[in-house]
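For reference, the structures are reproduced in the following blocks.
Look at the two complexes coming up: subunit A is in both, with subunit B in one and subunit C in the other.
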Partner chain A sequence: MALSDIAEQLEKSDPSLARYNRQMLWEPIGIAGQKKLKASRVLMVGCGALGTVLANTLARAGVGHLTIIDRDFIEINNLQRQVLFDQQDIADQLPKAVAAKKKIAQINSDVQVEAVVADVNHTNILNYAGGCDLLLDGTDNFETRFLINDVSIKLNIPWVYGACISAMGLAMVIRPGITPCLRCVFETVPPPGMNPTCDTAGVLGPTVNIVASWQAMEALKLLTGNINAVSRYLFSFDCWDNRYQQLNVAKARDIADCPACKHHNYEYLSGKFASSTTTLCGRNAVQISQPAGSKINFEQIAVGLKAVGSPSFNKFMLKCTINEGQGERQRQHELTLFADGRAIIKGTNDASVARAIYSKYVGA
Partner chain B sequence: MAVKVRIPTPLRQLTNGVDMIETPAGDIAQVLQHVCQKFDGMDKRLFKQPGELNRFVNIYLNDEDIRFLENLATVVKDGDDVSIVPAIAGG
Partner chain C sequence: MVAQEVTYLDNAATSWPKPPVVAEAMSRFLAQDAANPGRAGHRMAVAAERMLDTVRKELTEFIGGNDLHRMIWTMNCTDALNIAFKGLLRPGDHVITTTLEHNSVSRPLQAMSDSGFITLTRVDFSPSTGLINPDDIRQAIGPKTRLIAITHASNVVGTIQPARDVGKIAREHGVKFLLDGAQTIGVAPINVQHDYIDLLAFPGHKSLLGPTGTGGLYVNATVKIDELTAFREGGTGGDSASPQQPRLFPYFLEGGTPNTVGIAGLGAAGEYVRQHVPAKTLAHEQALVQRLLDALAEIEAVEVYGPSTAANRVGTISFNVDGYSPQELGGILDEAFSIAVRPGLHCSPYAHKSLGSFPDGTVRVSPGAFNTEADIDKLLEALREVTA
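== the complex of A and B ==
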């Protein structure tokens, strides 16, 4: 019997599978793969640009359970690339995780979505990751990625790294004990301000879609048990100049003497490198402290901040009033950044808002 | 023929948008030296201190990480491609 006939018969016996017909016709997935997808649990860490493309694709593909964690609200400048959101979500002032859940319910109501509006950090990530088959990276900062990396190794759950900026992206599948981990490849995070972020250097919608779709493809292979098809390379996408490279990182595990996957010393999960936040009572401000050793390059940070304010700095500190959002959702925060990476963010009492501003404009 | 060094987007603010430069053959250290001399500020982005690369930047010679070759002493021939790949944060 042809595969298409089998698919047709199965759809008759289980009509809920009909929507996946074109996917099941692809033999490596088939009916068995589709059932595996339905039985799988995925943790989506961050639901911005990469996260919405990932959540959208996996929900349509029929993943059984999706936990979506995000700490942010939707802004008008998100809609250029964050495919699950629309203007009504902004008018309704929905957090990203909630808006994503609402949209997915309309796309595929068979998918169970748990929306969590929270700042993912070393104190809570294990609660969400336990029992998952796969962790997906939709974050916008290194600290959280290295945290996911620690959790992946500790719980022996694969994860798919993805990152993008302007027209460039990187992505890689990490399978604990089999491939190198992210810390084997990039041993440390850049100090704050050393790397541009999407909020300072911009990002194109297609870059996001290309990187996240690559992640989603690897996710489908992992979840349907097609392990041999999973990439073992670090993928580099230069979408503007049309250069796509598969970088060979296979030996990184032997070379890097990695604290995470070789020594099982989970420095990010232990909180050793966590930035700590303190709400400064009565001042409508939050202080963020970086772990010792951070060195700040005010000049570079100031360049990026020019998109949202008028930064000024001297040897000791940088100051900038940051304007975000429009209309009713317009927000103003005052960032004061010190040479050791410590920052005071005025205009909020909410640690997760302050962290979001820090990772957007200072980077870390 | 020369060595082609690819500058990734996140570092192009230092190169006025230039995405590739050609350098004479030599070893990786000499090739990167050439890049750093040509562009102000590149040195800080690539090197922690003289002779030691930042650990959040990888250098690939024709798709192979130089850490698996001879690191900065890896020989680069005419026609080779050197890629600078920094960890990136966005998403």
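== the complex of A and C ==
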């Protein structure tokens, strides 16, 4: 179909779609696919590095409705990779979800955006996921990913996993009942502090863009009904060492006795495996407890934390003071970590702030 | 079960373990008689009502009361305190309380004071003795003073307050006396007649060794029913034609189906407590506390709050260790040693202010009826290792 044909057809049906003509020129999408995008609802969990690229791409592509959930405010060190935000957003002290909504309104006012400033967890995720056509992972922690995975299977909604650090990335499409799910591939959440995080090991902007662009491409395929084109592989790369792989994980579904997709036992959505937070009696501190059996290595975590503070530890606990934010929003948090992965985060009474710090600097 | 391995030293919050008879009584009641008490008149309902009244009678006798109908079942001590404060106090009343109080006393009174409903005086205690001076209370009494409300023992430092002296002062001045028995009922003697107590609030889940979700308010005969308003109205099973809450104890203050299963457990717990003699239990807890205090005095990094002797206190002490916040030490004791203690402010911010331990609080250790010297020694060993 030529541009002139597209223009002619849209004249009769939906002239507002004309702005997407370069996308509709691509035959597998076409006008029909574009209309599907307009009619679709997507839940984006997390609006940081991956999330801003995803939101930016999908809003420009004409996805009709985006629900964007994020608990954080924007910091200056986010701007290196979080493409929807700018210095004015920081001056305005905007939460990420709100700033994203504002920016998308400038980019494509036809997109309906619901901005939710909240910690997404097992108590609230179903309120946002119901009625969506797709769930997108813009999170920074495994616990939330396994939660999304449970929701995806329970509600039979596909989701696209994405993760990155330094120059390495991973991404995969999960279609309930068809592909392996995330727990078929990764079984359980890695123990706290076992993996480095972007806030301790760093991350490069292009890495984020590659992962999120891959996720966005799969999202477009899923939402326009181009199911046969959807990747069935775990995409893995290290773009510093120039290694790009497609891992065939199809067999994982047959091999794994997956509690989530085989037994429909939603251990993360039920809260059974969720970390819990308690506002401690005393001054301005939140305790995060991990499910029983976690064990962490202070030495390893201290190495990572040297990037942001001066960690010290003995055989019982690790302490590190972390400064976050700028200007009026500058806050100091003291992280105390115990060997079973529990942490006391001083300097806040807000569980979502504590969870964000834990995800960023300890990782889970 | 993780709990089996834990050395539990947080009995001031909730006692644990419970005597096996408690779970047995609850289980038996659930299986046999767990109908709605009273109301229906069938035999199960009658059995449930009879059980409630049997336990009422036993506990009424236990605290020296003479009318079982004035024993009101509540969901906990906080509930009992709210029923008392909101039922008794009238606009313009002056209330005297202390800085030792738990938030269950402080907060309802503070809210009433903030809204201009009452005026409030908080009498301070001595940080070294952990005691209120009854003369300070006497001096705070004014023409509008309606109520003196104090805790029987500090939930931070465990010191048992001179309740009888305060009660006597109240009675002499025609002021009502409310005693918060949260930390003492089941171990320290309470006698509503002898101690001049008009209102006694208590929980079932601490030293009475009962289940959570149980508690009581004893309204002594010195408080007329017409002096009270019902904090909550609702079904009472009898007198249903009346549009108003029936002016009859206990129903006047007991709208709604009570926690019968819990009260069945509380009954068994109370019997156990009486059989094992509260005075002996208190002596046992005091011996454990003395053992702990003596050893802590030898550890340089430890600062103990309140008096250095176990005499005249329930099994509760508070301390801090140099180099660790209370929360950190609590975390270490739990994580590395499986010892459960309670760090923080213990819902008693005013007490910590007077003790000089605000805002971080202290680590509170509270041995109970089932703790042993070995438990104390295990804690001491852990503290020595942490401070080494």
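Just so we're on the same page, the second predicted complex is superposed on the first by the 351 of 364 C-alpha atoms of A that agree within 3 Å, B and C clash if a C-alpha of one lies under 4 Å from a C-alpha of the other, contacts with A are read in each partner's own complex, and residues count from 1 in each chain.
Definition applied: a contact is a pair of C-beta atoms (placed from the backbone, for glycine too) under 8 Å apart; a residue touches a chain by one contact, two chains touch by 3 or more.
Just so we're clear, the structure is a prediction, and the values are computed from it rather than from any experiment.
J.: A:T336 in the overlay: touching subunit B, subunit C, both, or neither? Say first, second, both or neither.
T.: In the superposed model, A:T336 contacts subunit C only, not subunit B.
J.: Scan A:L280 for contacts with subunit B and subunit C and give back first, second, both or neither.
T.: second
J.: After the superposition on A, what does A:V249 contact: first (subunit B), second (subunit C), both or neither?
T.: A:V249: touches subunit B, not subunit C.
J.: Give one of first, second, both or neither to describe whether A:M168 is in contact with subunit B, with subunit C, with both, or with none.
T.: Touch status of A:M168: first partner only.
J.: Once chain A of both complexes is superposed, is A:F316 in touch with subunit B (first), subunit C (second), both, or neither?
T.: In the superposed model, A:F316 contacts subunit C only, not subunit B.
J.: Which partner does A:T348 reach: the first (subunit B), the second (subunit C), both, or neither?
T.: neither
J.: Quick one: subunit B or subunit C, who's touching more of subunit A?
T.: Of the two chains, more subunit A residues are contacted by B.
J.: Which of the two partners, first being subunit B and second being subunit C, lies in contact with A:F142: first, second, both, or neither?
T.: A:F142 contacts subunit B only, not subunit C.
J.: Can you check the complex and tell me which residues of subunit B touch subunit A?
T.: 6, 8-10, 13, 19, 44-45, 54-56, 58, 60, 63-65, 67-68, 83, 85-91
J.: Which residues of subunit A touch subunit B in the complex?
T.: Listed in rising order, the residues of subunit A that touch subunit B are 46, 48-51, 137-142, 162-170, 185-190, 194-198, 201, 203, 208, 234, 236, 238, 240-241, 243, 245-249, 251-252, 255-256, 297, 303, 359, 363.
J.: Subunit C touches which residues of subunit A in the complex?
T.: Subunit A reaches subunit C through residues 280-283, 285, 287, 292, 315-317, 336, 338-340, 342, 344, 346.
J.: Note which residues of subunit C are touching subunit A in the complex, please.
T.: For this pair, the touching residues of subunit C are 2, 325-328, 331-332, 335-336, 342-347, 359-361, 386.
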